[in-house]
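Two complexes are shown next, each including subunit A; its partner changes from subunit B in the first to subunit C in the second.
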Partner chain A sequence: MADKILPKDKIPGFIDALQKQFVVVAPVERTDAPAEFKEVAPGDNLILDGSQMMMPPKDYLLPRYETLLKVSARPGEVEVQPVVPENKPRVMLGMWLPDAQAIQVLDRVFLDGKFKDPYYAARRENTTLVAVMPAEMRWSWFCASTDDVEKWKPNVDAIMYDLGDRFYIEVTSPKGEAVVEWDGLSAPSSDDVENKNRLWEQFKSHNVLPFSDGKFYERLAWDHPIWAEIAQKCIGCGVCSYMCPSCSCFDIQDEVCGTCIERYRCRDTCQFEEFTLMGSGHNPRPDQLPRSRQRLMHKFKYQHEQYGVVGCTGCGRCVELCPVNVDIRDVLNKVCAEREPEPTT
Partner chain B sequence: MFEVENKIRQEAKRVLENGLVELVIGWAPGSVPFRTTPVFIDRPEDVDKLVWNPVCANNLAVYLPKIAKDRKVGIVAKPCDIRSIVALIQENQVKRDNIYIIGLGCAGVVDPSRLELAGVRLSDVTALDWAADGIKVITLNGEQLLKSTDVHRDMCLACTKREPALFDVKFGEAVLPSEVKPRELPELPEERQKYWSEQFSKCIRCYACRQICPNCYCEVCFADRVEPKWTAKKAVPEENWMFHATRAMHLAGRCIQCGECERVCPVGIRIAELMREMAEAVKNKYDYEAGDPNEEAPLLGTFRENDVDPAQHS
Partner chain C sequence: MSEATQTASASTLIRNPYEPQLATIAKIIDETWDTKTFRAVFNDEDLRENFTYEPGQFQIVSVFGVGEATFCLTSTPTRKGYVEFSVKRVGSVTTALHEMYEGQIVGIRAPLGNHFPYEQWKGKNLVFAGGGIGMAPMRSLLNFCLDNRSDYGDIIVIYGARTPGDLCYKYEFDEWRQKANLYLTVDQADNDWKDHVGHVPGYLKELAPSAENAIAITCGPPIMIKYILPEFANLGFSDEQIYTTLEMKMKCGIGKCGRCNIGSKLVCVDGPVFSNAQLKELPPEF
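Up next, the complex of A and B:
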């Protein structure tokens, strides 16, 4: 697979060329807010170098709000109209590598198993993922602590390494070849290859934390005192899960307007009281302790058991944004320092 | 800073040891040097966890209604946090007798994202301190002095109430801002409409603003009610308007301007600016300021004969 160099001054031409074949989705700059993944329109200012925190790419693949179906009723007649997005060839650019890996987690939930989600599939199946490797590591990243990141490469189709005045585009899957077809790209020099390798090594060795022994999921225990400690300060908002690139929980609601019904899907989170509140009034997670425990156990234990992938990829958004500075890196370090792994049977 | 920090620790130790309180809420070092985290101390030997520095952002009064319901609790509090406590007392959410306030004179709190904008590499920061007319950032490469106006939170740049209004013991000196930052809202109604539409359209409905707010203590928020359903959960502009406008109205005459809502918003909605607008309207119309211990009751719980009728004074 032939890697290529994209000089930064040729980005507009590169995007134009891609748009001839694909719908291009990339982080679009916004005033006073993190950039958001959108279908690129003329005049959009794109943030492709991964230098700032952006909204997670799940916002495009699994929108915060989407209509699932519409029902219209007239006397003697009921019509149900599913609203499935069009399955078009797409390229998603500019996502952090941990964000791209998080899409693997979403794929397990929405594509695998008995039921495939047609809404997610329509956006995802024909989409080429191009990740970005920024020149500088963010302080909050801890990707290499969560997994062997070498395994992540084939899960994306290409990686753009920020080498200052140029991007090094590494093609990591056959699907990625289509991204480097444009004739405005050039072949990399040996210096470029060296610089790219240096960025990869920097990523691999960045924030490898004490908990990272590849077995932390065995140490997370249901009855650990840490859950009470977190729950005491946790205010029960949805920042960690709504900004998380792999959290995928949603709510489905019906809204009636006149003779029409709209069924829509929107975000929901295990951190909210209503998430587990049942019609009977019973709530199996009645306070913050089981809610705080659920989010971490789900990411670091249950999802690993279920799918063989860790549910957290170390993007650091929750680390940076938690209003009360619950830092999951600290939580894992504490849990792992205090306990030997439970024997597996 | 360290002198005040030591006094806080000694006082926390004293009140825990002599049984005046069962628990002290304060700030502990965060997971990184430019953050702190709430800490709940119930043993005198743990008081050395308490810190006081320019990143002690959290308004810890948010924990009081639940934690101090039936026991005595000490709280380390900045002047804005104290105004929250006053409002909670006036609204019968906590009893004055249950709270021991370790009040602090304030010199303003730093917004870590502004440190980044001022060219500081956050991963190099080891400590922060107040300095004459600014903030001293200690990094791996030495010290750096930054202007308050560049790194303080907006709310702090507009704040002139830096002396604790209610306390059991008080430490530290208040330092007033050299200039007060004016509001930046557009003047014309249609421009404002556009401004707030843009702001609210960013909302992802994570409810961090509500959850962090000491005065948003409703057991079931209107936004979470299913019957009647006041606003839908979906994050679309019109429902976001409903949520933010209603929350603002519920906090009119009650918000004490700590700015926590804006600090925790992950998408940068200028919620505190809206709250400041509401507070100014209340001040102008009713000569009332929330969180003032000289007021006996909440604004909406009182009637004075000379109260203006808002319908006649648009």
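Up next, the complex of A and C:
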């Protein structure tokens, strides 16, 4: 697979060339809100430097609000119309590698199992993922602590390493070949290869924390006293899961406008009381302790058991955004420092 | 979203699991002061004739404009042409259903979830122990077994409720008595009550069915389950011999929305039927 160099001044030409074959989705600057992943339109200002996007790429693949069905209901006459997005060839550019790995987690949930989610599949199945490896690491990132990051490479189709005035485009899957077809790209020099490798090593060795022996999912015990400790601080705002690139729980509701009903889904979180509150009034997770436990056990243990992937990729958003400074890196360090791994069965 | 959308049709999509199938309410039975049973018939002729399911599976019912709610399929697949669900009036969707009348249209997504492993129970004795609305999922299996009566040994049904007025499916008691051993109990009797008085776990202890070559199926309020499991254990039932169905809040019913997650299981796809042995492997959350 032929890796290529993209000089940064040629980015507009590169995007134009891609748009001839694909719908290009990338982080687009906004003046009225944080930048977000959207389909690139003429005049959009793209952010491709690998500085971490606050809004995760899941916002494109699994929109915060999405209409599932339109129903027209008159007495004795009901018509249901699913509203499924068009499945077309897309390239998603500019997501930082751990955000791309988080899409693996979403894929396992939405594409695998007995039922495939047709809405997610329409946006995802024909999409080429091009990740970015930034030149500088950020304090909150702890990706290499959660997983063997070498395993992540084949999960994206190409990686763009930020080498200052140029990007080194590493093709990591056959699907990624299409991204480097443009004749404006050049072959990398041996210096470029060396610089790219240096960035990779920097990423691999950044913030490797004490818990990162790959066994933490076995050490998370249901009855650990740490859950009470987190629950005392946590205000249950849910920002950790709303901004998490791999959290995907949702709610389904009906909205009525005259005789037309829209059935939509929107984000939800295990941090909210109503998430598990049943009609009878019974709530199996009645306070913050079981809710805090659920989120972390789900990410670090249950999803690993279910899908063989860790539900956290170390992007650090929850560490940075938590209003009461619950730091999951500390939580995992504490849990792992105190407990011997349980025997695997 | 700027994205162009298209209308799904059979040619562009394998069945969309979020799309409810339209069904007409054919019959409404008043079970108790707060519970009604609805019989629904699919509007689509093909579906009406070919739709099938297994005892223990569930459905998600839409009241369009109000929302969806999850109910077990309380009818048996051996009686074709319709599906039934029993609804206790507790929230917005159940209240809207209670206000509906025969001939109105609902949406149904079904069948969902796993089912009772009745194939493995052929030749065994079955002990049903149900409390209140917990009889709903068991009724599907019970009527299924009664319709295949020769496949099973003794069938014992212990069914309890708070008062005689809280018992559902009274119109089927005669049939159950004929084909099985039906034991009724209430917490509080009225003047006409001739059967047992007391809680289901205590009645089970008194009746003491043998655990040999037997399967126990129990469903009811959490407090009943808590006290009945030790009684079954005392009678010699192993965890592998005891089955129940779990109730959890659900939205999608297809393993995506995340809210019925317990440990590494999702109640909507890995359940709702679990043996007590399987339940013991899950975190003690429910």
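Keep this in mind: the second predicted complex is superposed on the first by the 338 of 345 C-alpha atoms of A that agree within 3 Å, B and C clash if a C-alpha of one lies under 4 Å from a C-alpha of the other, contacts with A are read in each partner's own complex, and residues count from 1 in each chain.
In the analysis below, a contact is a pair of C-beta atoms (placed from the backbone, for glycine too) under 8 Å apart; a residue touches a chain by one contact, two chains touch by 3 or more.
As the structure is a prediction and not an experimental result, all values here were calculated from the model.
By the document's definition of touching, both partners, subunit B and subunit C, reach A:Asp268.
Of the two partner chains placed by the overlay, only subunit C lies in contact with A:Val78; subunit B stays clear of it. By the touch criterion defined above, A:Arg30 lies against subunit B but remains apart from subunit C after alignment on the C-alpha atoms of chain A.
Residue contacts after overlaying the shared chain place A:Gln253 against subunit B and subunit C alike. Contacts of A:Tyr302 after superposition: subunit C is touched, whereas subunit B is not reached. For subunit A, the partner with contacts to more residues, out of subunit B and subunit C, is C. In the superposition on chain A, A:Ala187 makes contact with neither subunit B nor subunit C. With both structures placed on the common chain, the touch criterion links A:Phe115 to subunit C but leaves subunit B unconnected. Counting contacts by the rule stated earlier, residues 251, 253, 268 of subunit A appear in both its interface with subunit B and its interface with subunit C.
Across the interface of their complex, subunit A is touched by residues 30-32, 35-40, 58, 62-63, 122-123, 198-199, 202, 204-208, 210-212, 224, 226, 232-236, 260, 263-264, 266-268, 270 of subunit B. Those residues of subunit C whose C-beta lies close enough to touch subunit A in the complex are 1-8, 12-14, 16-20, 22, 62, 64-69, 88, 90-91, 93-94, 103, 105, 107, 222, 247-249, 251-252, 254-259, 261, 263-264, 269, 283-286.
By the touch rule above, subunit A contacts subunit C in their complex via residues 38-39, 41, 63, 68-69, 71, 73, 76, 78, 80-86, 109-110, 113-119, 222, 248-254, 256, 261, 263, 265, 268, 270, 275-282, 284-285, 290, 294, 297-298, 301-302, 305-306. Those residues of subunit A lying in contact with subunit B across their complex are 30-34, 55, 64-65, 139, 232-233, 235-239, 242-243, 251, 253, 255, 264, 266-269, 272-274, 319, 321, 323-327, 329-330.
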